[in-house]
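As structure tokens, here come the structures.
What follows is chain A paired twice: with chain B in the first complex and chain C in the second.
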Partner chain A sequence: MVGLSVGEKHFIQGGIAQDLRSDGRKRLTYRPIYVETGVIPQAHGSARVRLGATDVIASVKAELGKPSALQPDKGKIAIYVDCSPTAAPMFEGRGGEELSTELSVALQRCLLGGKSGAGAGIDPTSLVVVEGKVCWDLYIDGLVISSDGNLLDALAAAIKAALSNTGIPKVDVAAETTSDEQPEVNISDEEFLQFDTSGIPVIVTLTKVGRHYIVDATSEEESQMSSAVSISVNRKGHICGLTKRGGVGLDPSIILDMISVAKHVSEQLINKLDSEIAAAEASEEES
Partner chain B sequence: MAAKPGSAPVTYSPNLGQKTRPPIFKDNDLDWVRPDGRGFHQCRPAFFRTGAVNSASGSAYAELGSTKVIVSVFGPRESKKAMMYSDTGRLNCNVSYTTFATPVRGQGSDHKEFSSMLHKALEGAIMLETFPKTTVDVFALVLESGGSDLPVVISCASLALADAGIMMYDLVAAVSVSCLGKNLVIDPVLEEESYQDGSLMLTCMPSRYEVTQLTFTGEWSTPEINEAMQLCLDACNKLGKVMRTCLKEAASASQE
Partner chain C sequence: MRGLKLPLSQTQRVRLQRAFEKLQSLSAKANSDASLTVADTIPVNYEDAFLKGHGTADLNGELVATVCGVVERVNNLVYVRALRARYKPEVGDVVVGRVVEVAQKRWRLEINFSQDAVLMLSSMNMPDGIQRRRTALDELNMRSIFEENDIVCAEVRNFQHDGSLQLQARSQKYGKLEKGQLLIIDPYLVKKSKQHFHHLEQFGVDLILGRNGYIWIGEHVEARDSMVIDQAKNIEQSTVVEGINQAYTPLEMRQNICRIANAIRVLTSLGFNVDLNLIMETVELSSSLKIDIHDMLGSEFHVLVAEMEAERRSLTTKRKR
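Entry: the complex of A and B
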């Protein structure tokens, strides 16, 4: 994947041990994050996030559907990630499938909460139009355009930005329907409802290289990792999901330490991301 | 495949008696019982048996309640020609469901991520450098899905690997807990899993005290995480012992 000589490997590992990484960052510093919203006019909401050379797009599409019989008061949310072959030749054909599934599952775990819908970043009850009859189905698609490490954090940030950019059309329901008929709906193309995105968590991936862990690893640094833990944290400081990558085992106390570091880092990341999203929204309105 | 009359299935419920802090999650709730009548911190009896498949290098069968899993291990054998040279061995994992494993036919295909989760849980325990240029295939088949499928698959797979004589640092034991309201139930059954507010799965190597895989869903605070992890680690430790006994029994039976 990444071809590195022995010397380069030592340089990366030594730099991380001394808290000065190859691009001059400290261990717990993110690369500058750039957010652009409304990049896809066809979607209800979209955003592009760049973290160094990592470049991802998230789009949100909403369609009217029928809620499932088991959960009549909840809309459906689906999250898929696609790794484009433009990002890396190995994503061509079925090559990116494994990574795509891994990223999709990790994002679903972090954003959608438990099976019952508790602890979800996006409130599925806000998607219901008529209980048991009509609801919005939300399709969130992530696309990896260019990959230079830390895809999961970038995708989560892009989804958060895309959802704050999303406007769901207001729906008027015709009143005179009997109980078993599918009600007639009128979709407004002028009025849009905004999402409450304050509860959506960010994902912080801590990559363990040697004895230390770093945030926002580049793909060179990722090639040297022994294991990585992706932790999603919301504004309240609660953990909303956790996924471990990389095969090497970790001591339980190290995991707990990583969780507390991630909580600390996430505060800055949430604030940074929120101000970037606000700035992107403002510049979009101007143009 | 029934248990031998002499060997009663053993359980591996954790105990949390030694703690001084009052636990956040109670062991029982007066107005609520689990579908199978267990205590909240009580595991299902675990039954393991190695050598379930003759043609495989190693295999194991596990039965926890109604969850029934069979895992066979093939290899180490030559890697496919298309694969590049590698000086460490490769691990190839595949988890599949029988069409009749789930209440609705063919629902098992929802679990595409299980194969990669199994891979990640096991690769940290296997000494891959002991079989360069070759591949070990681990095929798991869920015969009946009764909840906590993935933890059972992982534990069973590590037993099958041990049966195949693949060098490992330690056996891998896996346990999951579900959070239902204010309660934490260990080793959830299918019904509990479908209503859970959050879940945690932990796989670890008990004698090395190392976590190989950990996943969370739902919202958790740090003290809750602490307690759930302790519960899982303790249960993993005991499950590891159950698995070890199974291996010893198989070894002593073959000597006779």
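Entry: the complex of A and C
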């Protein structure tokens, strides 16, 4: 990330104050979103999302495993994010680790619900094959290919798209098993089960620059931020998670204000994303 | 369609394809076999002596390209000029760069070249405008002229023996750039022309097309004494800290700046050469159609611009005939 001169910083701040940002956007306008699904053939589901120059890939891989003893009726879901060194030289070696962890944790909080798995955007009970014995383990991996700000929103959108692209193989369980043994399973390679992704939230990050806040900040704008609040909102308009970055404090009334704005923005974002996902799936089937 | 990253509807795709086909048919035929991709054979006369240059390799007795680009021949030398490469400076080019380091008697500038360019304190016009030897005091005050991260416009002066590049800024028109935005595009899209500084009077905007693909779009400033400006800037900064935002670019001018910037972004993503005429036509097209500044980056406007350019080129070629 190159630094900005005083003049440029001033220009960016002025643009945000005047509601006309450097690329002509208003404060609450997203960059055009472009979705591509099925980009990784080996995965059960994958998607690539581009938001301006930000470019991320998410993949979903399912594996048969054993549910934990504490939660026999739930499958396991893991979310990890990796920052590719192609995105920025600073991600080389272990440089991207801090950001990767931060993004992973934020996504886990926003999508997976509590420790018990309650209130998760992805319903873990739908992953169980035989209660207490066999379940699906879902590995969701995000990869940042190119970074131009607002990675969290892009990753959440990519995960949503990848999950709606995911088909989990149908499993037949051999009927006669005693209670102790691990049941024999037969994985079908023809029949797939689709996920219900309508409950998966999108994340809207509001970045505060000066006295105003903006959505979908570019990395130049992010360099000017005082704090950023990421709010994940589902289709019903409910808040699923909230994380704050940046050291500067915020007045509680501003946060409430931000939440209502995020709710409003998320409606448009979800609709846009859904239509993009549908278009991407259609074009994938065509080719 | 050159990997255009745009969501296109069916009709838009057909229209864009047609526009590109039209453009292709209009482009000069004589030169069409000069462009190569990796591993293409370069046609040379093997009986003549020739020198293998950059981007070429010998494969089973055949000369092949190792980069995508255009074949260039200078006497016996055959080389491939890569398109998406770093900027290759030529003496006299106008470039825009960012200061990365303030060193002894010199600034180092990042100009998208394979190494940082050097701007010597002695090849600058001093702020007071007097021709004199640079003293140690001047050297200490270098940061009052340019600081790290400042954007500077300069001219390529010469190459040193060790391959490093020297710049000069011996005129009022060169110097620090403020109040605007920097756009970075592929250098091959900026062709050399007589004029790289443009003052767009109807918009009150300065446009500098750096040959290194760095394009500056900012508020118009009269050639001025930078020392005075620097002091004024410091005062300005302190007022900003106090929360007075008087100094921001006026909204109307900002709209113009953004519109021009987006016009350049559209032209770049379509792969058209960026020159003043084309930029102005794109800007006029967008304002005559009352397209919102942000919507200029959408697919529909891309298609419109491609069609406009195809139309324009077909008209100019007809006129030539």
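Simple rule for what comes next: the second predicted complex is superposed on the first by the 285 of 287 C-alpha atoms of A that agree within 3 Å, B and C clash if a C-alpha of one lies under 4 Å from a C-alpha of the other, contacts with A are read in each partner's own complex, and residues count from 1 in each chain.
As a convention for this text, a residue touches a chain if its C-beta (ideal position, glycine included) is under 8 Å from a C-beta of that chain, and two chains touch if they have at least 3 such contacts.
Treat the numbers as computed from the prediction; the structure is a model and nothing was measured.
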| item | value |
| --- | --- |
| Chain A as common anchor, with chain B and chain C clashing or fitting | fit |
| Which superposed partner A:E102 touches (first chain B, second chain C, both, neither) | first |
| Partner, of chain C and chain B, that touches more residues belonging to chain A | B |
| Following superposition on chain A: angle at chain A, chain B versus chain C, Cα, nearest 10° | 110 |
| Which superposed partner A:G249 touches (first chain B, second chain C, both, neither) | first |
| Partner chain in contact with A:Y34 - chain B first, chain C second, else both or neither | second |
| Touching partner for A:G241 - first (chain B), second (chain C), both, neither | first |
| Which of chain B and chain C A:L4 touches, first, second, both or neither | second |
| Chain B versus chain C as contact partner of A:L20, first or second or both or neither | second |
| Minimum C-alpha separation between chain B and chain C after superposing on chain A, in Å | 13 |
| Touching both chain C and chain B, counted on chain A across the two superposed complexes | none |
| Complex interface listing, chain A residues touching chain C | 2-8, 10-11, 13-15, 17-18, 20-26, 29, 31-32, 34, 50, 276, 279 |
| Complex interface listing, chain B residues touching chain A | 112-113, 116, 120, 123-125, 179, 193-199, 204-205, 208-222, 225-226, 229, 233 |
| In the complex, chain A residues that touch chain B | 98, 101-102, 105, 109, 112-116, 118-119, 227, 229, 234, 237-252, 255-256, 259-260, 263 |
| Chain A contact footprint on chain C (complex, rising order) | 5-7, 98, 110, 147-151, 176-182, 218, 233, 237, 240, 245, 247-249, 251, 254-255, 258-259, 261-262, 265, 292-294, 296-298 |
